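We just call them A, B, C, D, E and F in the order they show up, numbering each chain from 1.
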Amino acid sequence: MSRPEKFIIDGKRLDGRTPDQLRPIKIEVDYLKRADGSCYLEMGKNRVVAAVYGPREVHPRHLQDPTKAIIRYRYNMAPFSVEERKRPGPDRRSIEISKVSKEAFEAVIMKELFPRSAIDIFVEVLQADAGSRTACINAASVALVDAGIPMKGILTSVAVAKVDGVLVLDPMKEEDNYGEADIPFAFLIRGGKIESIALLQMDGKMTKEEIKEAINLAKKGAMEIYQMQREAIMKKFIEEGENE
Amino acid sequence: MSRPEKFIIDGKRLDGRTPDQLRPIKIEVDYLKRADGSCYLEMGKNRVVAAVYGPREVHPRHLQDPTKAIIRYRYNMAPFSVEERKRPGPDRRSIEISKVSKEAFEAVIMKELFPRSAIDIFVEVLQADAGSRTACINAASVALVDAGIPMKGILTSVAVAKVDGVLVLDPMKEEDNYGEADIPFAFLIRGGKIESIALLQMDGKMTKEEIKEAINLAKKGAMEIYQMQREAIMKKFIEEGENE
Amino acid sequence: MSRPEKFIIDGKRLDGRTPDQLRPIKIEVDYLKRADGSCYLEMGKNRVVAAVYGPREVHPRHLQDPTKAIIRYRYNMAPFSVEERKRPGPDRRSIEISKVSKEAFEAVIMKELFPRSAIDIFVEVLQADAGSRTACINAASVALVDAGIPMKGILTSVAVAKVDGVLVLDPMKEEDNYGEADIPFAFLIRGGKIESIALLQMDGKMTKEEIKEAINLAKKGAMEIYQMQREAIMKKFIEEGENE
Amino acid sequence: MSNDILSEIKKDYVLSKLRDGERIDGRKFDEFRKLEIRTGLIGKAEGSAYVKLGNTQVVVGIKMQPGEPFPDVPDKGVIIVNAELVPLASPIFEPGPPDENSIELARVVDRGIRESEAVDLSKLCIEPGKKVWIIFVDIHALDDDGNLLDASAIASICALMNTKVPASRFGLGEDFDLPVNDIPVSVTSLIIGDKFLVDPTRDEMSVGERTLTVTVDKSDNIVAIQKSGDYLLSEPLFTEVLEVSIRASKKIREEILRQCSKAC
Amino acid sequence: MSNDILSEIKKDYVLSKLRDGERIDGRKFDEFRKLEIRTGLIGKAEGSAYVKLGNTQVVVGIKMQPGEPFPDVPDKGVIIVNAELVPLASPIFEPGPPDENSIELARVVDRGIRESEAVDLSKLCIEPGKKVWIIFVDIHALDDDGNLLDASAIASICALMNTKVPASRFGLGEDFDLPVNDIPVSVTSLIIGDKFLVDPTRDEMSVGERTLTVTVDKSDNIVAIQKSGDYLLSEPLFTEVLEVSIRASKKIREEILRQCSKAC
Amino acid sequence: MSNDILSEIKKDYVLSKLRDGERIDGRKFDEFRKLEIRTGLIGKAEGSAYVKLGNTQVVVGIKMQPGEPFPDVPDKGVIIVNAELVPLASPIFEPGPPDENSIELARVVDRGIRESEAVDLSKLCIEPGKKVWIIFVDIHALDDDGNLLDASAIASICALMNTKVPASRFGLGEDFDLPVNDIPVSVTSLIIGDKFLVDPTRDEMSVGERTLTVTVDKSDNIVAIQKSGDYLLSEPLFTEVLEVSIRASKKIREEILRQCSKAC
């Protein structure tokens, strides 16, 4: 892949999307049997699976917190998920993503309800496109609901990039690699409304005005994703109801 | 070493053995002072030492089993044991061999007699020829008897290979590397009779009829090895008696 | 750096010192805020920082000793401390230096006063010249005093090398790398007098007479260093008094 | 603790059913669970397959790159099989480097592929002694509801059948299909006393993780065997497992061909 | 245990002061602690800087050597930022490989340098596609009295400004100054409810390790942001932190220029 | 626990004997245990030696292969000494990467060989600056009944004396004997107060692991010293240990020559 000459031609991006358009998203709830909650999610070419285990006993005892559940989050890429085979095991990028994602969920899970226990969130990236961390957070959110973990709301995540000076929603690979800036967000949505920011990173170059604009674009995208998360969860409950 | 043109000429193998003949075996019991039981064993050019420690306290406490002893088995190759220097530490092959060997011994050691404790079996390969895993099991068996660990019987191990379409007992390096198949067995021998199979692996190509034939050949070899294990143990007890 | 033709010309060493002369030393006590005791020390081009934490709780519980404090010593080199960037983390040399330095301090710290606890000594080499282990011990000694850890006396460390057949005190890099022998010492000094040897290693070639001579030279150097350690500690106490 | 009790109850149930000659999910003793194969879902891999065997799910991806041959076979490609039993797939899997179970799984799958000569490695030489194709077979467990091994073996061979050698990416001519000549099928049986059950579920495994895996090639040769677990195996039982494994392998191979030719 | 009580008391004190609109050390909310920079103290490194920010101390050393470029940018030098939070610097740092905190610190510092294009990497190509200069930025913590991140970022850029490319040592012509074009400044704020404090001390951090780091280049562009910690950030607060960070970064940049031009 | 009591009793016994001027096994203070050397038992190694010193047993194997020289000595071979204190050899050895004790052991053995210039490394250059012989000295402990260090040092030099450089295997001419010019002998003494015992057994070590190792070359030069353990050493005692070590080393060297020339 090399840098495209132009990212936006006649108002359309390289994959035909408008600047404020998301990539196609597919969500499947309760995808795994063994996990307490799970979700398969596609976002563009991202293919990710999330599983939630817990609340469950914390095994190395000294890790227990007597006042609340500990949250663990493991973002992991399959060796075949990227162009060049990735050596198995966590690298520095995965460790950082796991940390900020964990902290986002720590802020919304009602962890005081489960002292001494652990809630484990595992996300596996089977295929990585741009924005795999946002896809994983979206999948993990749904898996947490599927597992029945009480939360203040739902987390919904999407990134905004800047290419040719234009802000674009949910960047694809070329926009991510060769764009001028990239900001992944995760928002807490409660009662159908965006309440606050749970995850925020940025690299690139942006003025503070562009950043404010980026938030608005991200919020628009997040609301759309939120609807899809909701529908997927609803669909599962309806199916379960029908099966009874 | 390169593939020989023929493995069997005039009914004799490359080292002069007949197809159903073992390599020379030498067994020395109580070879080490610090271990609770030990054995030095040569089988062809294999030179292995086995040590047994236990029953003893299990140190990372959470590994204890309140109903029985845990069995640990560590197959390890000295860096100089093979043609090309081996980097110290366990590789995937050693880990697999350790696992299946451990399971073979778990099936015969009366581990219920020693709850919360560990029985550690360590085998060091000082020089590796074909069949080092079988040599190690034979040595470990003797070391367990030397340590006084109660067992349902004794384990005796030998492999069978297929070369030029012929089944051969206790294959040497060339037969192992370039043969058509290899099956290592370990048998439980009780009251001088082979009772059952404790270890069984196979790779190569064999028909099911050949596999049945291979078992019979292996059983013949195992009975011979068993006699040598018995004699080595007897010799030690007689010597100890004499020394009293 | 390549081997100099001669190490001593007209009685002077390559850096102008006489054989029995130390490199310039600079000592700063209480250099760090978070540590319980600390010291910054320069010895030639060595720049080292020592910190002492403790007595404090031992965390992996099973490491506790019910009869005395455990002493831990970690000698660590910054990646930029040497000509060729050093990969972070302990190498074999650092592990050996840490071991013998720890043992030297174990012999002088009154560890029986603090059962079940740990006294941690950390030394970071920011720039390494010859004799970094001796510089670190000198800094650690001062940091221990700063932390108020009771000791039988103070440890003072210096090396002696042999170059062109001559014994030289406190060798610099060239003397260390291309000299004929090197002996690092650490002495216990109590009541202003050298009492015994706490650390002693040697590599190179020396007769036993030369070794005895080396001890005397080292003792002379140690007494000078000891005075500087004392002054640095005094200075701190005087300053503290003045600040009250 | 409560897990222990649950596991004890499951165990009793499996055993009582077994005494009545039945399996808890109604299958015959030599019957595999429903098998679902999808190939090609990982576009970034040279080949890939998703396998669902009952509720056990696994994805295998194939990556290829030029590399050095083994010194003793300078003119053949190299296969490396690796398995990640990630903690997503089971409450008992832990993060970290492969443990003995994932190593055993990878090595048994590897032996099936290698010994059946499923991949024609002699067609994967680029420059003898210098450069050959390296094939990475990465097994990624998603859901371990029992018999991850057979599911992984099926996914591995399907992914290989689905693989395009990425020659053009490395300036080595046109891409071509990976030459696959055989379909080795591993059949794992759970051993319970003097009985056995093919393709055990996780619930069935609660009676004790004692298995025998027999891998069979398309000509009914046995190409790999692995006894796994702390038990003693009688010779007659072994013979019976061999026979049944050969029979069962044929059905699975047919199923692979049916679903994979459609997919590939 | 007693540590918990001490920490609880500190927390209460910080919060009660905060209710009175004050910080425990008397600083304004947007004010950094006293900054002291010394460069060139490590003669064996290609560049180095010691930074003391309040009582927080850090040393950064730069080592350079020729190496391979990244395949997608064959004509540019490579920067690698690494941080060692050695146990000397804090009672809570442990020996061992970098944990998530030191990795995050290194990566945020790295992004500031990289995205501000502070180092002109295009001038560090030796032979396109084959050999470029590799710059190792090693952050070595000495004393963590809070906000090690900003101190590390300052020390890193000062060390780079102080770096001589060791061309002659590798037979690659004369040594030259590393071309540095910008001075990115990271500004870390401690978030406490709907308030925030710039450049928090360790004592202030006792209220909860919830920070927002904004890195700003000399043209007031934001080049990196990192929200760190388990909290929810409101949009208005974020906007306010952005504004304040830009302002604060200017002062720090001036201080760097004042102390570093003197030193370099 | 019971181990502690046993160890306490042993300690008392050793000390009470010592007060009577005796060792528990009747040896003189400066006397080594019975030494048995066998060389060449590992045919796959370039050289090997088995040493039994009392009940302490160790095997050393030598492997050689061409490799890169150190940049500062481009025309000399390289020796790498590695020790594995495998858990087979002692109830207190643990599996895993070398700990401080095995590293110290390997490094002290290494210094003896290196500083005595026992191996003529200048004869091991293949192509200056590019290719030299690398010698791997792998120490493999079998039974640690005390003083594994001296046993390892003896086995190492015997294995080296027994080594054939495998030139023909690498197409580098005919095999030749490794040129060995000296026989460094390490003498380890257990320090007990103001007394010391040469070549301590494990039982003697129960009084405290405080040793002094002095390595001596054939010309009575000291080539390595290592004080090991948490004790203070007086100067007069040190001088005495030096004298005794030189004397003891001569006897061991004679024994090595007697047994090894026979064997080699």
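Definition applied: contacts are C-beta pairs under 8 Å (C-beta built on N, C-alpha and C of every residue); 3 or more make two chains touch, one makes a residue touch a chain.
No experiment lies behind these values; they were computed from the predicted model shown.
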| item | value |
| --- | --- |
| Common touching chains of subunit F and subunit B | none |
| From the options B-F, B-D or C-F, the pair that copies C-E, where over half of the contact pairs coincide | B-F |
| Chain centre separation (subunit A, subunit E; CA means) in Å | 28 |
| Subunit E-subunit F separation of Cα centroids, rounded to whole Å | 49 |
| Separation of mean Cα positions, subunit D and subunit A [Å, integer] | 31 |
| Junction residues of subunit D, two or more chains touched | 98 |
| Round-the-ring chain order [start: subunit A; next: subunit D] | A, D, B, F, C, E |
| Interface residues, subunit E side, partner subunit A - complex | 72, 98, 100-101, 103-104, 106-107, 111, 114-116, 212, 217, 220-235, 238-239, 242-243, 246 |
| Residues of subunit A defined as touching subunit D within the complex | 32-35, 45, 47, 49-51, 53, 56, 74, 76, 78-85, 88-90, 120, 122-124, 126-128 |
| Residue ranges of subunit A touching subunit E (in the complex, touch as defined) | 1-2, 92-93, 95-96, 98-100, 102-104, 106-108, 181, 183, 188, 195-208, 211-212, 215 |
| Contact footprint of subunit A on subunit D as seen in their complex | 41-45, 48, 55, 57, 59, 61-63, 65, 82, 84, 86-91, 95, 97-98, 136, 138, 140, 142-145, 202 |
